[in-house]
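Sharing a structure here in structure tokens format.
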Amino acid sequence: MSSVVFFYLAGVIVVSAVLVVALRNPIYCALSLLVLFFHVAGLYVTLHAEFLAAVQILVYAGAILVLYLFVVMLLSVNIEDRFHHQLPVAALLGVMILAEMILLVVGRHPTGASTAEFAVTSEGNTEAIGEVLYSQYLFPFEIASLVLLVAMVGAIILAKKDLLTGPREGHARDTVSS
Amino acid sequence: MTDIPWLTILIFLPVGGAVAVALVKESSVRWTALLCTGLVFLASLPVWFGFDHASGAMQFTETAAWIPSPPIHYRLGVDGISLPLVLMTVFLMPLCVLGSWRAVDTRVRGFMASLLIVEAATIGVFTALDFVLFYVFWEAVLIPMYLLIGVWGGPNRLYAAIKFFLYTLAGSVLLLIAILVLYVQGGQTFDILALSRTPLSPTLQAWLFLAFFAAFAVKVPMWPFHTWLPDAHVEAPTAGSVVLASVLLKMGAYGFLRLSLPLLPDASYRFANVMIALSLIAIVYGAYMALAQADLKKLIAYSSVSHMGFVTLGIFTFTTQGIEGAVLQMVNHGITTGALFLCVGAIYERTHSRMIADNTGLAGPMPRYATVLVIFALSSLGLPGTNSFVGEFLVLVGTFLWSKIATAVAALGVILAAAYLLWMVQRVAFGPAKNGGHLSDLSLREMLVMSPLVVAVFWIGFVPNTLLAPMHESVARLLAARSGVDGPNAPSPQLATSVRRPTPAASPAGALPSMSARESRP
Amino acid sequence: MLYLILIPMLPFAAFLILGLLGSWIKDRAHLVAVPAVLTSGLLSLLVLTEVSSGRNVEIPLYTWLTSGDLRIELGLYFDRLTVAMLLLVTIVSSLVHIYTIGYMHGEPGYARFFAYIALFTFSMLMLVLANNFLQLFVFWEAVGLCSYLLIGHWYERPVACAAATKAFLVNRVGDFGFLLGLLLVWYSFGTLEYRPVFVQAHERAGEVMNLLAPFGGTWDVSIFTMIGLLLFAGAVGKSAQVPLHVWLPDAMEGPTPISALIHAATMVTAGVFMVARLSPLYELSPAALTVAALVGAATMVLGATIALTQTDIKRVVAYSTVSQLGYMIMACGLGAYTAGMYHLLTHGAFKALLFLGCGSVILALHHEQDIRRMGGLKDKLPITYWTFLIGSLALAGFPFTAGFFSKDDLLVAAWSSGPLGQVLTLLGLLTAMLTAFYSFRLIFVTFWGASRVDPHHASHVHEPGRTVTMPLIVLAVLSIAAGYLGIPEFLAPVFAGAEGAAHHGGPAAYAIMAVATAAGLAGIAAAYYVYVANPGLPDRFAARWQALYRGSLNKWYVDEAYERAFVAPTLRAAAHLWQRVDVTVIDGLVNGVARAIGFVGWVMRLFQSGQTQHYALGMTLGTVVIVALYLLL
Amino acid sequence: MTIPWSDLVAVLPELLVIGAACLLLVLDPITTVPRKDGLAWIALATLAICCGITAAHLDGRTTVFGGLVIIDGYGAFWKLLLYVVTGMTILLSLAYLKEERIVLGEYYGFLLLALVGMMVMVSAADLLTIYLGTELMSLSLYILAGTKRYEARSLEAAAKYFVLGAFSSGILLYGISLLFGATGSTKLEGIAAALGTGGVEDPMLVLAMLLMLAGFGFKMAAVPFHMWTPDVYEGSPTAVTAFMAVASKAASFAAFLRVFVEGLGGLKANWAGLLIVICLATLTIGNLVALVQTNIKRMLAYSSIAHAGYALVGVVAIGSAADATQSGQSVASVMLYLAMYAFMTLGAFAIVAMLRRNGLESEELESFSGLAKREPVAAFLMLIFMVSLAGLPPTAGFIGKLYVFMAAVHSGLTWLAVLAVIFAAISAYFYLRVVMAMYMRDPEGRGAGIPALATSPALTIVLTCATAGVIMLGLFPGPLVSLATQAMLTLR
Amino acid sequence: MIPLSYYVVLSAIVFVTGLVGVLIRRNIILILLSIELMLNATNINFVAFSHYLHNVAGQVFVFFALTVAAAEVAVGLAIIIALYRAKSSINVDDFSILRW
């Protein structure tokens, strides 16, 4: 049963991932990414990480992706006519890397933990995470908040319109006309 | 007397002078520089007179901790080998300043400052007893010299300057690694004297020798690493050429003497044949090159290659005479070649050409100049009674003990030297005056520059012992250290003190025609 | 004894004074130089008295240099040999000094000239007085220097400068051997002082060295032969022996007094003196002596043959000098040192005389040197003529002149030295005839016959002043008297060890004397027959024996040969070596490396395309490559 | 849930800087343009205080927050260095922003936030903290790179930096995840323990290690992860470039060393092998491509790559060191090298930043022509920095190289040292080109066309500090050496 | 029960896909999407490992990774907008003023 679920999820994840990369229309890409997010969340559930699953849906699907779509719309990005000309090299490379990884990862002699039969019960649940987050992970939490702060302020600075034209574009080299 | 740190004074007085030059007002820059170099010369006199001829040990030594770990010290000292070189340096510097009194009229400040820095650094090289300190001074010479050539040089100066810089640098970086290897392998110390007491495996010695060789051979310069020299000389301003020829080249030879021989005795001895071969090539080849030159400075540059060949030749004969001759020859070359460059500079100031063809028959309009030129030319071709003869003769004596054939080849160089120098004199000094009487003869200032050199030429020529006496003990010690080592082919102890015809065992195979009569003699 | 030091030092002092204050002293230079040289001449007479009483004097000067066990003490060594040379040098030098006053009068380089000849006198004296090999060599070179400076005295003349350079270089070639010989002496004996070496030499006769040792072969040669030959190379250069004789005739570009002093009487004889001085060494090496003898003989003949046809008055005398030096070297080579030295001294007198004679002729004719534009001068220049005649007679070995005695001694000694000697004696006799011929050719062409002098000089050709003529007279006297001073007896003790009882006398001696005299007279007669009796003859001879004539006239093309064989190739080689090897190969490599590095950088730079995704690709690719490397290794 | 106060005290410097940063961000809108300089001075003051606090941590080693953060001498050394560098950058920016007329109070805030990120990086004991620190630093730098947005180059730089940065951090994160999988922990000591108990053979470990290498390599600008460097350095505002070139490189090296020595120490042999390749590549590319640059900033970018290569020589020496003391000395050598490098690079960038031509920043090599004629002092300082970068005595650059190479020789990597030193000789060429331009060429253009230095007190201070650093550390490196040796001991 | 390696392989595939996406898409937005793929692959790893190793740290890591991802997206999109305003293009290969 569980394996069926896994293979379903895995299949969809892989396919949607490929689609994200392969589709021409950005909108479709974003949407297939959305599909991917949901299935990843599903995967989390099967791994007893319900909290993360929820966050995945909320943050990724709810926030990030919407943001993407918003920007795509805003900039009215048209359909990408062609891939970057280094496609063949990149593809080849991708295959090689995949081969290497699988070689290295699967070729490892399994440590006892990996094949352990008993399921994880307690770790997955929310308060466990909450507990650690606010006690021993307090400091990283703070840093994370700073990261977000930087992101916010930075985004504002970068996107603020009035700052766009330099005060001295008069003699500024290759000045941007806005 | 010795409680005053004379050597430190010698090194840092010029540095102070450079700072002063940078600060004083434009008009008095020259005088400041002259004063400073003069003071340095005076400061060297106590060292000269206070030096104890009877001891070959380092004297006027100073030690101060510099960097705790690894233990790098500020360690100075002079012995009979470095003393003459220091003296020569401080003796020449005031003349350089005087010599470029008029020649340099742009950015005099920087010029004099660079000159003083070079002086400080070279004195440092000659007196440093800590390997890192030595290296620091060694490299510190490069930048000011680079500026001297590149800023105040001739039309093609950029090329010459960068070539000089990179070539010599490329050689000396390997020295740095060698130093580190020595430190790691040789008992965790940078003290040159201590290192000279630590035995190293022959293979390691060989590698280190090659590294040293890269640094020193380029500096000397030995054939075939000499090609930077003509370019640098031709483009450099007069004083630059003088410093380059008289002082910088000596650093290389001094390196061989102070570092290769004592630290790597076996390797030095093993490579001796190669070194001698290169020196011989340099002697003859340089002379040939000089024959082909139409540019006075190039001619003298190539003659330097030839003369420095004598120096390296003498060093690697491992004989008292050879080494003492080499050291003396360093000083001689410094004086004579420096003087010749000053001569060229003097004429360049007048005719603005270094070409022989443009400066002919100067004896008519400039008798004093012609006299001086002839004197230095004769000194340079090793005429007895002048300084170079003594040096070359001693080197030849030393070489003769090493190999008669080598001596013959070297002596060939003497003939060729006579050829290109006299030919030069014949064209430049004699013959019908080309650019008529309007050339002014040497001015009082120029005579002030030349006369000390003339005196030096003849003084060393007639009383060489003044310079040789301090050397004896140090050289003896150097060779004793060599023979002390029980290397694969260590010579008999008596070879060290004075090589009275070394036994074939002591000499590289076939280097010496053995004299069957020897055996019959007590 | 210390006053002896003054002998060399007075001229040196004169040199210093003139050298430093010359520009101020100017025309008063002779007031400094002449007294100095005269005084040292007188002092040498004092030494004569010292030495003739059999005592040799040695005065150490100072330790010149010490290094290891090499220790050179300069010193003065007086014995009969040196004193004889001393007198020759000082006397001739003094006379030349005086002569110069008149000859160089009004020249711009007046003071300089005196300074140089004073320096030369000093150096020559030191050379003669040397008590060790190195001192000998040092002043050997020093006199060479003076000769160089004096030949080039008129530096505006390119010819003169060229001649000066040539003289110096050719001598250097000889000195190359000398230097090596010197080193070998030190190497073998551990000292460079004469007497220790001589002492050791006797004990160590027959010592050999293997020349092929470096190449593993064996070729044992007596060290004395090696030393002898190497040192002799120096003599060959200095004394203008074949094949290094080429510089001497060119040296005639110098002022005539110089030719008299340096290139006739003193410096050029240094080689002979050296061989004589080192006779104890040479005695131990028959081979070296034989070489010397043969070289001497060759030079003797060659010089004479060339002298026959030269038209430049000074060159004729110069070649005769070459030839006479050949005589002396030959004599020494045959072990007849006394005779050699004897001839050296007499020759010094009459050859100086001849040169000074030429000088006064040239002076009278306003620097005309070509004998074809002379003639009939005997009435205009009586003193010159008569002195010149005496000189020529002495040169020709005319009976009862100094030349007669010395040359006769020489030939007799040569004959008595063995079969080789006898062969060479015959050559000597032949040469004697040639000598007589060319010297009287000179007399007849220059002083006899009709005047061919450039007309607008002809009118006021007159005998030069007393300063010029006086030396001529003195020398003329000497060229006679030198034969009666018992010089051989004076010198003999010096070489007592060297030459066995090479006594003269016996029928052979008289025979040779007779033949030599005959040869001389024959030569004179022939000259008279050809140049006075029927003047047409020379041209016909020339026409008849074209080749011979040309050869002789062009000095057997030796100079041209050297030019082709050595000078030109060297210069060409130098130029090629520079362009092809130094600039192209060696420097090319250096710059090539630099350029290559730069090029690599330029290529690598192209990877930096500015395309973000290329960069990403680069990162990935790099990772993959590294993994691959890791997996492989 | 309990808030560990003691731990909070331990990270007081971080908290202070954070506070200052927030303060600046808040104050910025309410301060008028002329008084914005005040913000900079606030930042400086904070840094001064932090120096005081951190200096107290120079010895000893305590882990806080359940082993996520570690307060030790090693971190303290880097922090002190970072304070100094940031301080100088702030001063430089004072002059620079005024010159470029960029009115942006947040600027200093971001500098400080980046500093926080770096501080976290150097004192992190857990891959999570390191990751967060890195991201904080990077994000701030992305934005700073883009602050000169009226110049397309600045934007492009920001974009490239961001894309590649995100890419590399993705790779890094993947590596971390694999490492977590392989060792079952994200704490360095946990990892070390896991490695200690076998599992070194695990190929997944190798992959993880490699991916992390790529991630850090990107920040350290090591070949082949260097390609962003020239573009971003050239495009960013010069003051920011200086900050990137010095501070972020130093922090990345610090974190890198901590991870690979403390965490992956067990894999020394493996990563040393990989690093030799990277190191050689870095030296080659950095030095050779710099030869052909005509834009000073770009040249300095390549030179910074090259210097990363020299520092890597020291790292390789750590990897192949025979015993603990040697590896310790090697660590110290790397620390010293980066410290020395910081001063000379900052100095060079300061001069480049303030070199003005027609009132514009002029980065072309030609614009240095004849600088010595009109700006003797500036030219001389630039000369000193160039000489130091070339590694010639008697400057800091030489001492740094001396130590790194000694470490290499100690670890038996003489051949590597030889190669490195030869590259150093080659590098002299492009540094000297600047000297050549300044001293041996004549200025082209006239009037305002002639480049001149826009001097200001702030700049004077920066240059004084830099020069003092370069010269003093060159002549008397003793104190710093002992400091580094002492700090190095706390790294295990 | 699914072996751990399955998850790892899955994440590897997703990761590589994202990586290739970064290499071949010209539109910055899509490049960012690809990067998101890579991050998700990472997260899958973390969660899987934390599950199998009974270690909650992995999940915490994912949590923070999410946060950072969000932040990156914010900054990234801001840059994109600025770029778009400046050049009216968001194709990466249009930006190559800076090169060589």
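Here the chain labels run A, B, C, D and E in written order, and each chain numbers its own residues starting at 1.
We adopt the following convention: a residue touches a chain if its C-beta (ideal position, glycine included) is under 8 Å from a C-beta of that chain, and two chains touch if they have at least 3 such contacts.
Nothing here was measured: the structure is a model prediction, and the numbers come from that model.
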item: Those chains which touch chain E and also touch chain C; value: A, D
item: Closest chain to the centre of mass proxy, which here is the mean CA position; value: B
item: Pair of chains whose C-beta contact count is the highest in the structure; value: A-E
item: Distance between the centres, which are taken as Cα means, of chain C and chain A, whole angstrom; value: 102
item: Chain A-chain D separation of Cα centroids, rounded to whole Å; value: 29
item: Where chain B and chain D are represented by their mean Cα positions, the distance between them in whole Å; value: 44
item: Distance between the centres, which are taken as Cα means, of chain E and chain A, whole angstrom; value: 5
item: Sequence positions of chain B contacting 2 or more other chains; value: 166
item: Sites on chain E at which at least two other chains make contact; value: 4, 8, 15, 18-19, 22-24, 26, 32, 48, 50, 53, 55, 60, 64, 68, 71-72, 75, 79-80, 82, 86-87, 92-93, 95-99
item: Residues of chain D engaged with two or more neighbouring chains; value: 128, 132, 135, 139, 142-143, 146, 149, 152-153, 155, 158-160, 163, 167, 171, 178, 184, 206-207, 230-231, 426
item: Those chain pairs that satisfy the touch definition; value: A-C, A-D, A-E, B-C, B-D, C-D, C-E, D-E
item: Chain D residues touching chain C - in the complex, by the definition given at the top; value: 159-160, 163-164, 167-168, 171, 206-207, 210-211, 213-214, 218, 223-225, 227-228, 230-231, 270, 273-274, 277-278, 284-285, 287-293, 426
item: Chain A - residues contacting chain D, complex; value: 100-101, 103-105, 107-109, 111, 113, 131, 134-140, 142-144, 146-147, 149-151, 153-154, 157-158, 163-169, 171-176
item: Residues of chain C touching chain A in the complex; value: 613-614, 617, 620-621, 623-624, 627-628, 631
item: Footprint of chain C on chain E - complex, ascending; value: 19, 22-24, 26, 92-93, 95-100
item: Interface residues, chain C side, partner chain D - complex; value: 597-598, 600-602, 604-605, 607-608, 610, 612, 614-616, 618-619, 621-623, 625-627, 629-630, 633
